[in-house]
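Labels run A, B, C, D, E, F, G, H, I and J following the written order; every chain starts at residue 1.
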Amino acid sequence: MSDDFKTILETFPNPFPDRHYEVETICPEFTAVCPKTGQPDFATIVIQYTPDKVNFELKSLKMYLQAFRNQGVFHEAVTNRILEDLVAVTQPRWMKITGQFSARGGIRTNVYVEYVQPGYVHKRDNQ
Amino acid sequence: MSDDFKTILETFPNPFPDRHYEVETICPEFTAVCPKTGQPDFATIVIQYTPDKVNFELKSLKMYLQAFRNQGVFHEAVTNRILEDLVAVTQPRWMKITGQFSARGGIRTNVYVEYVQPGYVHKRDNQ
Amino acid sequence: MSDDFKTILETFPNPFPDRHYEVETICPEFTAVCPKTGQPDFATIVIQYTPDKVNFELKSLKMYLQAFRNQGVFHEAVTNRILEDLVAVTQPRWMKITGQFSARGGIRTNVYVEYVQPGYVHKRDNQ
Amino acid sequence: MSDDFKTILETFPNPFPDRHYEVETICPEFTAVCPKTGQPDFATIVIQYTPDKVNFELKSLKMYLQAFRNQGVFHEAVTNRILEDLVAVTQPRWMKITGQFSARGGIRTNVYVEYVQPGYVHKRDNQ
Amino acid sequence: MSDDFKTILETFPNPFPDRHYEVETICPEFTAVCPKTGQPDFATIVIQYTPDKVNFELKSLKMYLQAFRNQGVFHEAVTNRILEDLVAVTQPRWMKITGQFSARGGIRTNVYVEYVQPGYVHKRDNQ
Amino acid sequence: MSDDFKTILETFPNPFPDRHYEVETICPEFTAVCPKTGQPDFATIVIQYTPDKVNFELKSLKMYLQAFRNQGVFHEAVTNRILEDLVAVTQPRWMKITGQFSARGGIRTNVYVEYVQPGYVHKRDNQ
Amino acid sequence: MSDDFKTILETFPNPFPDRHYEVETICPEFTAVCPKTGQPDFATIVIQYTPDKVNFELKSLKMYLQAFRNQGVFHEAVTNRILEDLVAVTQPRWMKITGQFSARGGIRTNVYVEYVQPGYVHKRDNQ
Amino acid sequence: MSDDFKTILETFPNPFPDRHYEVETICPEFTAVCPKTGQPDFATIVIQYTPDKVNFELKSLKMYLQAFRNQGVFHEAVTNRILEDLVAVTQPRWMKITGQFSARGGIRTNVYVEYVQPGYVHKRDNQ
Amino acid sequence: MSDDFKTILETFPNPFPDRHYEVETICPEFTAVCPKTGQPDFATIVIQYTPDKVNFELKSLKMYLQAFRNQGVFHEAVTNRILEDLVAVTQPRWMKITGQFSARGGIRTNVYVEYVQPGYVHKRDNQ
Amino acid sequence: MSDDFKTILETFPNPFPDRHYEVETICPEFTAVCPKTGQPDFATIVIQYTPDKVNFELKSLKMYLQAFRNQGVFHEAVTNRILEDLVAVTQPRWMKITGQFSARGGIRTNVYVEYVQPGYVHKRDNQ
């Protein structure tokens, strides 16, 4: 997983940087390949974040997620890497990635990972 | 997005300004255009607010939302702008806008943004 | 779509060739690529058939369907081709393929195609 | 409604013209304008057909349906016109259009219209 | 019920008179008055028809149905009268009216009535 | 059960006697008394009919059904008697009574009974 | 299962013997004992019939079914015996017994058995 | 799959051999092993039959189905073999086996197989 | 409503008076008569209580509730009176009556009333 | 109800006595007899507890509950007695019994009773 897919991600200036708000993006068509068996994996990736100076652009996000299509990655690794890449590119106030993977061998796995900007106090407001 | 659609919005005096209450308006037929591809976007816009001195008038809200029909706007920008415009016109005690956008490229996005009048302590009461 | 994926398919002798019975196989994790845009497509493929001399083996079916992963194919073409290939390899008494494709550009498509062995009168018995 | 939108529609050769099969396309994001009031209308358009020599291409279908966005059209007229245009361009063996329109003034309308090629006996096979 | 409300109904020329198609209009906000007690009645009126030379216009239908608001009418009479009026004005090939009335005195009533143009063979096609 | 409750039933001239139509009346608040134990019974009575020269009036139907309140009647007898009485008074083209009785001693009973006018061919049209 | 429980069943003259109608009785609290293990079995017994000269009385039916409480009986035997006994006592035009037995050892069983009076043509009318 | 598990099955004389009736047995806890991978498979096995001279005994059926626990068997083979064994032991008038297998590799399979005694005309009566 | 129905109520000694527990009794077949119109009313009465020295007996409760069958009583009055009577007879630690009345004139009413024994601290434990 | 059924109950040492956990056992096939009428009663008994030194064994619990099959017991008495017996035998940290009894005379009853070991602070953890 040495490729640097995060260069695919594009951003645009947060149109309302003075305001605290939350964006939730749901991607049910993620697919990658199991690094041990070469078999395809399927997942829904949910991205929730409060942007700071920039937002990610949706079409580039789609291209970024498609870059994993033929990559061999473990569930935990890919969920964390998506967080790493999106944090690196957008420097958000807060971000959470949820990876919901399809059953393999009768076993289903979810991975949850979260980032908070140093000094930022996060309070969920979409509930 | 230079047009000033908020002049379309009309208000009427809050009939019970001494009382704290909440109004929730659900608009499932919002449509605008993607600023990158020119393709139409569809969304449900939910407006929740506690009025102070004035309330927005519903027919003018419909006309206001229809004004975006052929405008190119990002999801985050349009959700925030609706908040901006409605806050400017109605000066509410509290207001929250939720934009639930249809899937594009297999990816679905929600945007949540909230305003609280300085000095006002908001407590949700519709739950 | 010149590749001959059907060589991937393996069969085993119908364990009960004298008996009329029906097999229904549901594959919700099919993915291919749009031949016009290069974008990934997702589908559920349902295979229903009455075997004659041989049955297809499930693991080889999985490999066969995975072979389309990076192929550019139209919805109608791939649904028909799966029927062609499975008929060529298993020579069934009856077979039906249903392709249920995910939304693209806000538009969702299903394709239905059926084969009956000459002289065979098909009567569904799983209802 | 004098414009000839059907020139937008593109086709590709039916990949399996010798076979009888059925395609079902569901378009929940149709919008046009009421010819009497100028207010926007919203609908789900369902297209079902058995292709003969050509199939319509999905991206061009999307563009075709988007062409109605700012057109003033009655419910019955637009549903019939979509049938007319798609029949003219694809000359199918059988085609059915269903238009499901959102409520206006508390009244909700559906329109159903069907075409059968002269001499063709249609038998639904997606049930 | 001596008033002639049917003059309220407007029509427009059937845009596709050579084609057999079906229109279904659902009106959940009908209200009239019980002729015995003066109490309000509420109903959903469903209109299904195959137009011949003209179609009824939806806004005039809304006005027509609203004209019953302060009329005293029996359930059976009003359902049949709506059929009479719509048949008189539109001369359809086929029409069916369903009146679903809310409970009164713990008793709930539905009325079903149908018209077929002499010589016309009706075949439902919205199923 | 010697009382003649059917004198309570009032009718009004069928407002559209030349037309075939169907009326369905649902009465969930029927109660009578068990003739063996004196305990109250509860039922939903459903009346479906095609009127001929007269219709029953709903308020008188309510009074008629209430007359059973303190009568001792078997489930089968009361369901048949309601049919007898309504047929005697309205002489319909077709009528069906369904009695759905609440559980007694852990046992629940439904009774179904139907009448067709001699020479009349009944075809259900509310389906 | 030598006991003759059917003497418990009481009947009353069919109050409307000239009419064809159907009675459906649902008994969810049936219990007996497994003849092999002595363990209790639980079932719902559904009785559907068209009476001829007599009907069974519900309280005696309850007592009859309770008589099986401590009897050892196979599922098939008890369902058939209930039919035998009720046919012997009521001589119906048509009768059907359904026995729905609770899971035992992870296995659930239903038994369906039907009787038609010689020369009688049965037509279900409760559908 | 050379073992002869059918010797495990016990029968008892059909308590009502002169009557046509139907028994339905649902076994949601079947498990066997994939003959290619050695991985466990899970299924619900549904057995429907009209007994002739003997019925299978439920406890022995449970033991019989448990005998497959560590056997390697294809879905089609095991469903057909259960039919073979139960037909051999009970010689029924009619029998149908449905095997509903859990997903493996993202693919789910159902198998349907039916037997009719020569000369017997089967008519389903549990519907 | 001068009759003293509470003499119908029977009690039995609380079998476990040293223990705090809760009894909940649900009576969906309550019926009385409207004191203004003489029309029947229907309700579900729910009784929840923590017994002290005695419990009410269920069969006598049924007779007590049936005594209201032909009484003219307002919704609020009857709900409160049931509490009065049951408190007088059973002297419970805590009791709550809920009256859920069927719709009349399109309006549905619930009445809630509660009693706590002086000095007793009630804590609900059935949640 | 003088019999001492609790001798039927067997226990085994709590395998993790140092840990606080909760066991919930649902028994939908409980049946006993009404002490006033001799009629059978049916109930679901729910047992929830936090074991201390021993747990009850499930097969013996089944035999214990079956011992009530022909016993005459009031709803409140049997629910409390099951608590008494299970507390005596297992000395749990906390236990709650819920008895949900089937309708009798149109009236349905639930009984809730709870035990807490002296000095133990119970906090539900299955919610």
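In this section, contacts are C-beta pairs under 8 Å (C-beta built on N, C-alpha and C of every residue); 3 or more make two chains touch, one makes a residue touch a chain.
Since the model is a prediction, treat every value here as computed from it, not as a measurement.
Q: Show which chains lie in contact with chain G and also with chain J.
A: Correct list: F.
Q: Listed by label, which chains are in contact with chain D and with chain E?
A: Chains touching both chain D and chain E: none.
Q: What is the shortest path, in steps, from chain C to chain G when you may only step between chains that touch?
A: Minimum number of steps from chain C to chain G: 2.
Q: Do the two copies chain I and chain J share over half of their interface residue numbers, or under half; same or different?
A: The interface is built from different residue numbers on each side, given that under half of them are used by both copies.
Q: Measuring centre to centre with CA averages, how many angstrom lie between chain G and chain H?
A: 28
Q: Let me have the rounded angstrom distance from the C-alpha centre of chain C over to the C-alpha centre of chain F, please.
A: Roughly 55 Å separates the two chain centres.
Q: As a quick test, compute the distance in whole Å between the mean CA positions of chain E and chain I.
A: Centres of chain E and chain I (C-alpha means) sit 48 Å apart.
Q: Which positions in chain F touch two or more other chains at once?
A: In chain F, 29, 39, 42, 102, 104-106 touch at least two other chains.
Q: Where do chains touch, given as pairs?
A: A-B, A-C, A-H, B-C, B-D, C-D, C-H, D-E, E-F, E-I, F-G, F-I, F-J, G-H, G-J, I-J
Q: Taking the complex as given, what residues does chain D use to touch chain E?
A: 36-37, 74-77, 79-81, 83-84, 96, 98, 104-114
Q: Using the touch definition up top, name the residues of chain H that touch chain A in the complex.
A: My answer: residues 39, 42, 102-103, 105-106.
Q: Which bits of chain G are touching chain J when the two form their complex?
A: It comes out as residues 29, 31, 39-40, 42, 66, 69-70, 102.
Q: Help me check something: in the complex, which residues belonging to chain E touch chain D?
A: Against chain D, the touching part of chain E is residues 12, 14-16, 19-29, 51, 55, 57-59, 61-62, 125-126.
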